[in-house]
Structures are given as structure tokens and as C-alpha cells.
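Two complexes follow with chain A in common, the first pairing it with chain B and the second with chain C.
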Partner chain A sequence: MTELVQVMILGAMLGGVYAVMAAGLTLVFGVMRIVNIAHAAFMLLGAYLAFWLFTRFHLDPIAAIAVVMPVLFVAGMAVYRLLFTRIVDSHRHVEMTVLLTFALALVVEGVGGSVATGIYRTTTPEYASDAIDVGPFYLPTGQLYATVLSFVLLGALLAFLRFTRTGRAIRATMQNRAAAQLVGVNVERISMVTFGIGIALAGAAGSLMSFLFTFFPSQHWQWIASLLALIVLGGMGSLAGTIVAAMLLSITAGVVSNALGPTWSPATFYLALFVILMVRPQGLFGKKSEM
Partner chain B sequence: MTLLEINKVSSGYSGGPNIVNGVSLVIESGKTYCIIGPNGAGKSTLLRTICGLLRPRSGTIVLKGQRVDGLRPDQILERGLCFVPQDRSLFPDMTVAENLLMGGYTLRDRRKLADRMAAVYAMFPILDERRSQRARTLSGGQQQMLAMGRALLLDPDVILLDEPSVGLAPRIVQQVFDAIARLKAAGKTLVIVEQNARKGLECADRGCVLDLGEKRLEGPAETLLQDPKIQELYLGKRRARPELL
Partner chain C sequence: MAEARPHAPHRTGKLPAAGSPARALALVVVMVALLVFPLLQVATGGFNYWLHMMLYAFMYIAMATSWNIIGGYAGYISLGHSAFYGIGGYITGGLMTFCGISPFVSAPLAGVLCFALGLPLGLIALRTRGPAFIISTIALLMLARLALDNIASLGGADGMSLPLTDFPARTAKLPFYYGMLAIAAAAVYTSYRVRHAKLGLGLRAIAEDEVKAEAAGIPTRLYKIIAFALSGLYVGMAGGLWGYYLTYLRPSAFLQILTSAQIVLMAIVGGRGTVAGPVVGAILLVGADELLVAKLGSTELNLAAKGALMIVVLMFFPEGIVGTLKARGRLPRALDWG
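Let's look at the complex of A and B:
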């Protein structure tokens, strides 16, 4: 019993990090219907940036978020401006975004592989190997910091979307793009900013994963598969759904991994995907149709 | 004074034929203009072209002496023309207050924004009561009022209303036309497209019939209401017998 609770605690803690990983993905889909296959590639880019800052300048990977987020925010906006504005008017927009982001993922992976090689990396701040005991349970310190920071980031994101003018415009564009245009929102500019925010969140998640996991350039394929399963479960484009789905899946994956072995953990995500597509295709928090 | 002038405008959807074919209209300041016509006549397409959601294939649109054809919707909005589409285009998961705030999105002056919101609440008290309710939970009539209220946030010179009474119960339709009367009384210039030809013409100063993308008849609203051809085709009356007129 203690073991099961311990596994669930670890799962829930990791769930917070998964939520940050997926938040940018669901936001970008919600605003501009871009299925960003390259999202996890940018996450790994963030991890490598944090790794570089750590080995070169001894910058703590959590502090590195303050550098990684702005850099990837600008990079994301530049990528949107240079590539995505060209396919905005395409008749097959969604298909085009999948092709384009697939290619983008390959490019980021290829460049990453040639610069950083395929060696497994991880950052090793002191807290990464510490743990705190709480009664019969233990909380890995690094994981604890990552979880707290994830919720700070998610809270900041939700507050930004709710209380700022730009945030309201992003939500408005998600809910009704044509209406947003009607009230004077420059939806192309909002799309660019949203893409920047999505990539910046991927970067922040990357900084956190740099001390939680080992990583290598082609690992993003594993991540994007899980993250896509996760946002479909949450209802694509729903942030609240993504957070709940991240928690549910992470805890379930932890329990499954504990019972059947870690190779079964990714299978949890795909199985959940099959089940949700059969039972409730619009996802937990998805809406069947708009007003 | 002429506020909005549409000259021989043609438009349609990507690759398809012209839906609107060389239509010209002159809208006077402070007046209400009503466009009637059968389904598929191009009424909505005409409004979507005027507000910039569709680019005219030919012809010009002049607002307050300035060409606006070819501009983006947000640029045309900035120049004082606001469009309320048939589906009302609200933000379903935002509250009434947030929807109104979005109406004033381009307004940077916070005090002005607060004043205008207060004015909208005064004109439509029901919106004040439902301030923190999500737009998707409002009734059809309330949603239409919210859409009109949102349009008022920028204090536009012209408001285009596309089928404001569509899909509403008769009792609610009356509320919507009362709301339109309030806009009129506030001195707004309105262009209304209406399936309910009688109600639409009754609240208008001038009107026209659009059919197969072309303007057929035009004149003062009372004249159109009396026109036997219009009565027969659009007002649901048999050819009126002379002794009854």
C-alpha cells in the first residue's frame, strides 16, 4: 500500500511537468490549428541549451529558464513568421502544418545531432540526486522543485490568459477566430505571439527535463507521441483538460510501470488514446461544436 | 450626408462565381437601410465584403470619403464600421463582461472603455444583470443584444447587422427590433439584412431588394412596404385588391 501511494505521489509530481510540456502544444493547436510535431524537438533544444549553460557557465538549470524561455520565445516567433505565414491561406491547412512541423522536427533533430552528438546527456545540479523524507514516503528534491516550478509556470500562463489584453485576445482567437478578427484582433500577430509562447513553454519544460531525465537528439519522437496522446485525452485546445490529463496519465503510467515494468509505461499513453477516441472522441474537456 | 458608398461591387468565394454582382448603394448618415431578398441572394456576402472579411473582386467602397476596399477587417473597424454577423460571433466561453471588453479591444483608453461599457449596460440592462455569465449560456435574444452591445463599444459610425432576428422565437424577435430601435434613437447609422422583410422595412428609412446578387428595387422603406410586387414576393401577401388599399 505504501508502495502504491509512493508511486502515485511520484506520478502526480511528474504530471505537473508533463502539463508544462503539453501546455504549449495545446495552446498552439487551439489558436491556429497547428499540430506542432516539432514541439518536443524544441523542448529538447531547451534541454540542450540548459545543458550548455550548466556545463559552460555553471548556471543552474532552473535559473536557466530565465534565459531559455526568452530565447525560444523569439525563436518561435521567427519560425512562425518565416514558415507558417506562407501556408496560412492553404486549402489543406492542417495537413500542411503537420508536414511543415514534421520537417521542422527533422531539421532541429539533425542540427542537434551534428552539434551535440548522440551522446546521452543530463544536467547534474546537487539537488538532482537528493531526496526529502516525509513520513514513510520520499520526495526526490529535483522532482519536487520541478513540480513546484511547473505549477508556477502554469499559474502564470493562466493568469496571463485571463487578465491581460493580449491573453484575452489569445483566448478570443481560440474560441472564435472570425469574431476575434471582427473586433479588431490582428489574428496573425496573435498567432505569432502564441507560437512564441508555446515554444517558450517547451523550452522551460526542456530546462526542467534536463535534470529529471537523460536525453539525446532523437528522443523527441518518444516525447511528442506521448504529448499528443495527452492533449487528445484532454480535448485538443483545452488547457484545463491538458493539466487534468497530464495528471491522470502520469499517475496511471507510474502505477502501470511499477506493476508491469517500465517498458509498459509509454503503452499507457497510447492505450488511453485508443480508449478516449472510442468513448469520448472530443476528449475530456473538449467541445463537440462551437456556438 | 453620405456616410458609406458602395460602387458596383462584385465579390464571391475563392474560385467560385460572383455572388454579388455590381451592386451600388448609398447610405446616409443617421439613417437605417434595410436589404431584403430571398435566400442565396448574396445579402450576407455583400455585408461580409463591406466589412472586409471578403475582398471585393471589383468596385469600390468609400467610408467617410476614404476608400476602404482591400483593407483588413480590423482596419475597417478602426475607420468606424462594425459588423454583427448572423451567427452573432460571440466568444462562447467568455463572460458577458469579457465579450464587451473584447469589443473594445482596439480601445487603449481604459476610462473610455469603462464609460462605453457603462453606456452599453444602460442601454441593455439584461447584460448588466448577466455580466459574469458565459455567453454560451445566454438565450438567443440575449446573445443578439450582447453582439449589438459589443459592436457599440467602439462607438462606430456604421453598424452592419446580418439577420438579427434569425432563429429567434416571435416574442424574442420583438425584443431584438426594440434593441434596433434603441440603436436608431442613439443616432447610429444601420445597414440591416433581414429575412423578416416586413419587420426590417418597418424599422428602416430606405431599403432595397437583392436578388441573384443584383439590386432590383430601391426606395424609401414605406414605398417598398406598399409596393404590390414586394408585398406579393416578400411580405407574404396575395396581390392586394385595390379596394382594400
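Let's look at the complex of A and C:
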């Protein structure tokens, strides 16, 4: 029993990190109907950037978020400007965005991989190997920091969307693009900013993953498959759904991994995807029309 | 499939190739040339490299053409088609290892099993109209990879070796050459027939506007599922034969997203939704890849180059070579297969 609770605590903590990883993905889909297959490639880019800052300048990976996020925010806006402004009114839009981001992921992986090589990396700040005991349970310090930061980031994102003018414009665009345009929202600019925010969130998640996991360039395929499964479960484009789905899946994956071995934990995500498609294709929080 | 419909004779009735003797002749010439080409190897023994390249190209022609049925005609992008490739390879490999059945016999079976597997998968994955399908194809690939990495009796991540063929070295590649040629020819013929049948028309209507297609009485769900299963058929066959050709099966070689990327890229470069497009794309890219690998080596940069090429084509020639030429009325008649 203690073991099960321990597993579930760890799962819930990791779930917070998954939520940040997927938040940008779901936001970008919600606003622009872009399924960003390259999202996890940018996440790994963030992880490599954090790794480089850590080994070269001894910058703590958590502090590195302050560097990684702005860099990737700008990179994201540039990518949007270059690739997506042209095809925004294209016929078969979703299809095009998928193919474009798929190609983009290949480019990021290829260039990143040739610079960083295929060696497995991880950052090793001191807290990454510590743990705190709470009663019969232990909380790995690195994971604890990552979870707390994840919730800070998610809170900041929600507050930004709720209380700022840009945030309200983003939500308006999410709800109804044409109507938002009618009331004077510059949807093109909002789309670019949203894409930047999405990629910046991927970068922040990458900095966090740099001390939680070992990573290598082609790993982003595994990540994107899990993250996409997660946002389908949550209902694509719904932030609340994404957070709930991240928690649910992470805890389930933890229990599965404990029972069957860690190799099967990603299978939880994929199987959950097929189950949700059979039972409730629009996801937990999704609206039917959006699929 | 091709019922004669008096009010739409060009779509569903007579197949256009029959009306063009020049094209029929060209086709016969190409087929005969491909059939007798291996005689050069038999006579001189110096053409093994060419046989290898050609059978490799046949394989990708078959796969890109197969993919095009769901990805091109119906407009449902699958990024996980290498799952069928790997599963096909493991079916023939398993039958070879455990039952002693030659992959030359079992490759068609592998294709049929992949078709059968595509039906329930399509039933689930195609429940939604939007991006969830694409996502589930990636998940399918990852799941297949995970399973094969961990099934010990099939060798797990180490894979398994298949016995070598006992053909003499000089002619060892010939059966594979003819096998892949047959698979490619069958794939192109199937794609051609689908394109000119009611099914193909329905699929194109789905690609244009699924809601309207449904309103017009097209059984969209059924058509999509058939298209998805068909698109797995020849990929499974090709994988089934390729495993035996390589003499080993390994999840990391057969269940790569890169194989999917190649297939998708070929169909896009050639022209999605056209019959000739994937054929042209496969030949061009297999050739280009050979030159690139010779120059750059099989590196990460090769991957980046593929991605960059895909972006350029998508942004500037989204209809691909065949589609663009056709739109401008410049497509050679020999390649105008509909």
C-alpha cells in the first residue's frame, strides 16, 4: 500500500511536468489549429541549451529557464513567420501544418543531432540526486523543484491568459477566430505570439527535463507521441483538459511501470489514446465540433 | 469497384489507358525492359549494385503508392506507416524461423494480414475527422516498436537473424528483384484502379470536404477504413520481403519514423493524390538519397536535408511534381495516369 501511494505521488509530481510539456502544444492547437509535431523537438532543443549552459557556464538548469524561454520564444515567432503565415488560409490547413511541422522536426533533429551528437545527456545539479523524506514517503528534490516550477509556470500562463490584454485576445481567438477578428483582434499577430509562447513553454519544459531524464536527439519522437496522446485525451485545445489528462496519465503510467516494468509505461499513453478514441473521441474536455 | 456509370463515364467507366495506345505501348516497353534487365547480371555478373538500387526503388514505389491511397486520395496523413513495414517483416521472418515458410510465399500473406490489421485500426483511428487520426498513427508506430522491442521470442531489441538464401551469389538478388517488381506493379495497378473507381472518387470527395461528401451519400467511414487498410497492404508485403533480403530483423531498423518520413516525402515530392506522383517521387528520392549519402554520409545532416526539402516542396509546390505539371498542362502524356 505504501509502495502504491509512493508510486502515485511520484506520478502526480511528474504529471505537473507533463502538463507544462503539453501546455504549449495544446495552446498552439487551440489558437491556430496547428498540430505541432516539432513541439518535442523544440523541447529537446531547450534541454540541450540548458545542458550547454550548465556544462559551459555552470548555470543551474532551473535558472537557465530565464535564458531558454526568451530564446525559444523568439525562435518560435520566427518559425511561425517563416512557415505558417503563408499557409494560414490554405485549403486542408491541418494536413499542411502537420506535414510542415513534421518536416520541421526532422530539420531540428538533424541539425541538433549533428551538433550535439547522439550521446545520452543529462544535467547534474546537486539537487537532482537528493531526496526529502516525508513520513514513510520520499520526494526526490529535483522532481519536487520541477513540479513546483511547473505549477508556477502553468499558474503564470493561466494568469496571463486571464488578466492581460494579449491573453484575452488569445482566448478570444481560440473561441472564435473570425469573431475575434471582427472585434479588432489582430489574429495574425496573436497567432505569432501564441506560437512563440508555445515554443517557449516547450523550452522551459526542456530545461526541467534536462535534470529529470537522460535525453538524446531522436528521443523527441517518443515524447511527441506521448504528449499528443495526452492532449487528445484532454480534448485538443483545452488547457484544463491537458492538465487533468497529464495527471491521470502520469499516475497511471507510474502504476503500470511499477507493476510491469518501466519499458511499458509509454504504452499507457498510446493505449489511452486508442481507448479514448473509441469511447469519447472529443477527449475529456473537448467539444465535439472541434474534432 | 469500377462499375459503369453512364452519367460519369470518365470517372468510373472506361479506364483512360485503354484509350491511349501510345501510353499502353510505353508501359509495355518499360515492363519488358525491367523484366529482362537482370539478364545483364546473369550474363556479366557486374550489375548487382544496379539490381540492388532498383529493387530498393521498387520497394519505395510500392510503399509510397500504397500510402498515397489514404494520404493522397483521402487526404488523411499517416506518419506511422513504417509500423506496417515492420509488422510485415516480422510476419514473414517469424514464419520463416518458426515454420520454415519462405518469405517469397508468405510476403503476400504478410500484406493481407497488414490489410486485416488496418481494418480495426482504421475503425478506431478514423473515428474522428481531424488531427486525432494523424496522432494515432504515430502512436501506432510507437506501440509496435515498443512491443517488438520487448517480445523476447522475436528477439526483442536485438532482433533476429534469418537464414541466408541458398541462391548462388551471382543470381542471389534476382528473386528479390522480381518479387519487389511484382509488389510495386501490383501497388501501382491497385492505386490506378482505386483512382478510377467509385472508391477513389469518394475518397477525393472526402479530401475536398468530408461533411459535404457525407451529405452527398458517400459512406465516408467505410471508404476511409478501406483506404487505410489498402494503404497498409503493399507496405506490409514490401517489408515482408525486405527483411529476408537483409537477412535480419530489428525494431530499430524496421520501425523507424524515418522510413515513414521517406514514404511521405516521396509521395509529396511526386504529387499527392496522383497515381504517377509517388512513383516519380520514389525514383527521384532513392536516386538523390544515394548521391547524398555518398556525399554527406548517412548522417544527421541527411535527415535535416530531407526535412528542409519537404518544407520547400510543401510551401512552394504543394501539389508535387506531377500535380504541378498537370495543373500547368505540361505533364507528359506517358505520366498522366489520372
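Here, the second predicted complex is superposed on the first by the 288 of 291 C-alpha atoms of A that agree within 3 Å, B and C clash if a C-alpha of one lies under 4 Å from a C-alpha of the other, contacts with A are read in each partner's own complex, and residues count from 1 in each chain.
As a working rule, contacts are C-beta pairs under 8 Å (C-beta built on N, C-alpha and C of every residue); 3 or more make two chains touch, one makes a residue touch a chain.
These numbers were taken from a predicted model, which means no experiment stands behind them.
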item	value
Chain B versus chain C as contact partner of A:F215, first or second or both or neither	neither
Touching partner for A:F73 - first (chain B), second (chain C), both, neither	neither
Contacts of A:R165 with chain B and chain C, given as first, second, both or neither	first
First (chain B), second (chain C), both or neither touched by A:Y18	neither
First, second, both or neither for A:F195, with chain B first and chain C second	neither
First, second, both or neither for A:P281, with chain B first and chain C second	second
Comparison of chain B and chain C by chain A residues contacted	C
Contact residues common to both interfaces of chain A (with chain B and with chain C)	290-291
Sites on chain B touched by chain A in the complex	51, 53, 72-74, 77-78, 82-83, 85, 87-94, 98, 101-103, 105-106, 135-136, 150, 154
Parts of chain A lying in touch with chain B, wherever the complex brings them together	165, 168-169, 171-172, 175-176, 178-186, 290-291
Touching residues on chain C, where the partner in the complex is chain A	75, 77, 79, 124-125, 127-132, 134-136, 138-143, 146-147, 149-150, 207, 257, 261, 264, 268, 299-308, 310-311, 314-315, 318
In the complex with chain C, residue positions of chain A that touch it	29, 35, 37, 83, 86-87, 90, 92, 94-96, 98-100, 102-114, 217, 221-222, 224-225, 228-229, 232, 236, 263-264, 266-267, 269-271, 273-274, 277-278, 281-282, 290-291
